[in-house]
Amino acid sequence: MLVKMVMELEDVPGQLLKGLEPIARYGGNIKSIMHQRERKTPLGRLPVMLIFEVRDQATLKRILAALKEAGIRVTQLGEREGEILTTVLLVGHIVHTDIRHTIDQLNAIKGVTVSELNLAVGSMGRESSARMTIAANDRELAQLAISRLQTIAEKKGLLLVTSVEAI
Amino acid sequence: MLVKMVMELEDVPGQLLKGLEPIARYGGNIKSIMHQRERKTPLGRLPVMLIFEVRDQATLKRILAALKEAGIRVTQLGEREGEILTTVLLVGHIVHTDIRHTIDQLNAIKGVTVSELNLAVGSMGRESSARMTIAANDRELAQLAISRLQTIAEKKGLLLVTSVEAI
Amino acid sequence: MRIIIIGFGNLGRGICRAFVEKADFLKRAHGLVPRVVAVADEFGAAVDEKGLDLPRLLKIAEGSGTVVGYPGGKRGKLALDLIDEVSADVVFELTPTNIRTGEPGLSHIKRAMQAGKHVITSNKGPLVVAFKELDALAKKQGVEFRYSASVGGAVPVIGLAKKLLSGNEISEIRGVLNGTTNYILTRMSAEGLPQEIIIREAQELGLAEKDPTLDIDGIDTACKVTILANSVLGINAKLSDVKVVGIRRITPEATRLAHEAGQMIKLVGIARRDRLEVGPKLVPQGHPLAVGGTLNAVTFKLDLAGEISITGFGAGPKETSSSLLGDLIDIHRTLGG
Amino acid sequence: MRIIIIGFGNLGRGICRAFVEKADFLKRAHGLVPRVVAVADEFGAAVDEKGLDLPRLLKIAEGSGTVVGYPGGKRGKLALDLIDEVSADVVFELTPTNIRTGEPGLSHIKRAMQAGKHVITSNKGPLVVAFKELDALAKKQGVEFRYSASVGGAVPVIGLAKKLLSGNEISEIRGVLNGTTNYILTRMSAEGLPQEIIIREAQELGLAEKDPTLDIDGIDTACKVTILANSVLGINAKLSDVKVVGIRRITPEATRLAHEAGQMIKLVGIARRDRLEVGPKLVPQGHPLAVGGTLNAVTFKLDLAGEISITGFGAGPKETSSSLLGDLIDIHRTLGG
């Protein structure tokens, strides 16, 4: 699950580490850090925007408690749904084998959406290609969508090309 | 020296190799090959566009002779001048140290032209940065331009950042 | 060191050329004086226990296609007999690969080991068919058995894992292990040409075999995955354990769609303890496996070092002789001979 | 194997943690049972010829900042005396680097060699100051001397060159060899922030030293270039032979201008027989040296293999223990002990 969080830190050394430590301690995987030094708060604090991944809601609660204990003020918190984007290719007689049905099968998984489809129709007699972007709420759901798609592709005689970083 | 050449080959296996061999034999460094299969000549020949680098005019003549001997028809031939493009960065008080003079010094080398300059003026009191693209007729001239620029940069207190692939 | 070379195609000639050109270097840097005492090809053999005149041998072989014309050459002489009869320290087994039977390389290697000779090979066949048997036989006979050139060409994939990353437990090996398919995919993506045309041109340029089936269908990569699984991961894996998909169905449109999304299609071999696989994969630009042309690249996942990747040329007789020579120097060092 | 560890900061603790966590693996895969018989830090030493209880030692050191509190610990005990008095096979020299004098590491290493003990070090100081002397002393005393961790962190740069590419003549080594500056340049380019802010954040994240001068000014990279020149190219080079330019003058605008032209600015170290150099260079995207974050990357130019590149993490106690452990396993193998 991806979390977007803005915390306010005092502008003295060591503060960033103090804010990151609780996230790391509970296995949070930090994706990006953005300091906004030019946008100090009236109290002279620095807003820091973080995006990180955590296992579940319970873990996030533990992190929030630890931050509070450390005296760190969290000013914004948003769970970013549908934020695991996975790109795959399909090669074969995609249209003939009813791409709509393929997409519906994926969209039927709660927390999974086919967010983009680019189709390149092959020249006469040749196979077509499609690039599909799948949005999922977390890594497990993304994986489930891929394995569902693998099953569909095999049934329909399509070649599925997944990311080298996917399991 | 970069050469652009179009040769016509018969559409049977082995022809491409036959056309490339003389270039390789005389140390030509092939940069790109473009078949234009859809544009067959009325005689059913395939035009192939090549860009390659050779040491000098004499070598090119030897290659042309060898191609003729091998029965390969060369239909277009162009020496591409100013085709070795080198990008460098300069950091320092570029404007104050007279960038015009720096450029003139390079342009004074025959076969070398400063073809592009992008200047990012630093904020108050900070050093500026510039990206310069230098076009040279061959590798030796490009190298000469870089070492000339190095001397100028040292004299003017500028930092010169060259390509990792430059000597 | 006295050397027998079995198979005198591109690789056999390549290593001999390296012996000639680098004689001074090998002596100065490693105290190594390679003496080729016998060479066999499919037609017969050339033998000289005092050491063959390699420039002369190369000239004869390039002219006539066989070493038999070398003074005193033995037409019809069998490699197996040569291995038994000629006294030597190391046998280079460099015959063509047969992935079903492993022959004739498999018999050559066994015979050499039985005769107490060390073996260096680039031949995937025997390794795919009988890795465990050969590994055990080498240990039993107390001889060295090296096959760096069988995976990665000039890229020392196996040595890196076994010698330099030895403190790590390796959980996964992923690699672009076939230069031909990588060349094809790179050009398809860059030029939008159909596969057949690029294959034909690759054949004309000597970058693809006359029958490129083993490359295109991923079998060559699967062989390398099998060898890595056995030699690096210590799994007793067979070629049939690898789930293989080739690149035949990849169209120029597919490479374009990938490119538009900042990705490249690469034929990737994956070896893990729970899964052996070969197939086209999307690789993001800037990824260690996003190498172009005929390059090979391999990434190891490691418990201590995290991830280590290595890249270089996967084929070519000169490039491959880097690995063959590395094996020879290593045996020379190990034995102190 | 009986081991003495001199210096018990991040690296000393890191290798001990690896000994604990990987005890089964080391025994099973390599028949290696590391027994740490003495550890010295700046305050004193802990000694047990039967082998220290490492989990206990780590807990004490992490609590009190020194090993002196270990049962029977000797406050004020000098490392030099320890090296002489305690019977051991290998000494790990892991004290902080001093690039001017090489001390205290230099004295530790010499004393260990004189006492007939093998030496493994990550310490650049002694190597930069006295490479030739130490190399000669090791040979004279017949001991092994390994320093894989001194260049590249977890990336086995020296081993790759010396062990796996040994058949090649190496004409050039180029590398991104400093993780801190690479992290700074990567973030400058991605976020357009000024150097000072990123340095401060890197310090807060533990990615930069309190005094990052040696990194920023290219001195750390120059040390690594010096070590590569000596160990791999066989040149008797000194740190002062390296022409060094750091990254201090690189502005966010410069990284942006580079980015717009499809290039990245990297601090690159170059070692050739005719030139030793460190400086910011433009590296095209997709180039083997175009690695981001704290990654290190090295490319070798070779007469046979053409070009081989290797990439991985250049720092971190766990990552570096990959190299330290690799050296230990290699010594264990070499000695067959």
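Note that the chains are named A, B, C and D in the order they appear, and that numbering of residues resets to 1 at the start of each chain.
Just so it is clear, a contact is a pair of C-beta atoms (placed from the backbone, for glycine too) under 8 Å apart; a residue touches a chain by one contact, two chains touch by 3 or more.
Quick caveat, the model's predicted, so the values are computed rather than measured.
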So the chain most remote from chain C by C-alpha centre is A
Here the gap between chain A and chain D, centre to centre from mean Cα coordinates and rounded to Å, is 36
Could you grab the centroid distance between chain A and chain C? Build each centroid from C-alpha atoms only and quote it in angstrom. 40
Could you work out how far the Cα centre of chain C sits from that of chain D, in whole Å? 32
Inter-chain touches occur between A-C, A-D, B-C, B-D, C-D
What residues on chain D touch chain B, complex-wise? 174, 245, 249-251, 253-254, 256-258, 260-261, 263, 265-266, 268, 279-284, 287, 289
Please name which positions on chain D make contact with chain C in the complex. 18, 22, 25-26, 29-30, 148, 154-156, 159-160, 163-169, 285-286, 288, 290, 292, 302-313, 318-319, 321-326, 328-330
Chain B touches which residues of chain C in the complex? 191, 193, 197, 200-201, 203-206
Name, in rising order, each residue of chain A that touches chain D in their complex. 13-17, 20, 33-35, 37
Chain D-touching residues of chain B, taken from the complex the two chains share: 87-89, 91-92, 118, 120, 122, 126-131, 133, 159, 161-165
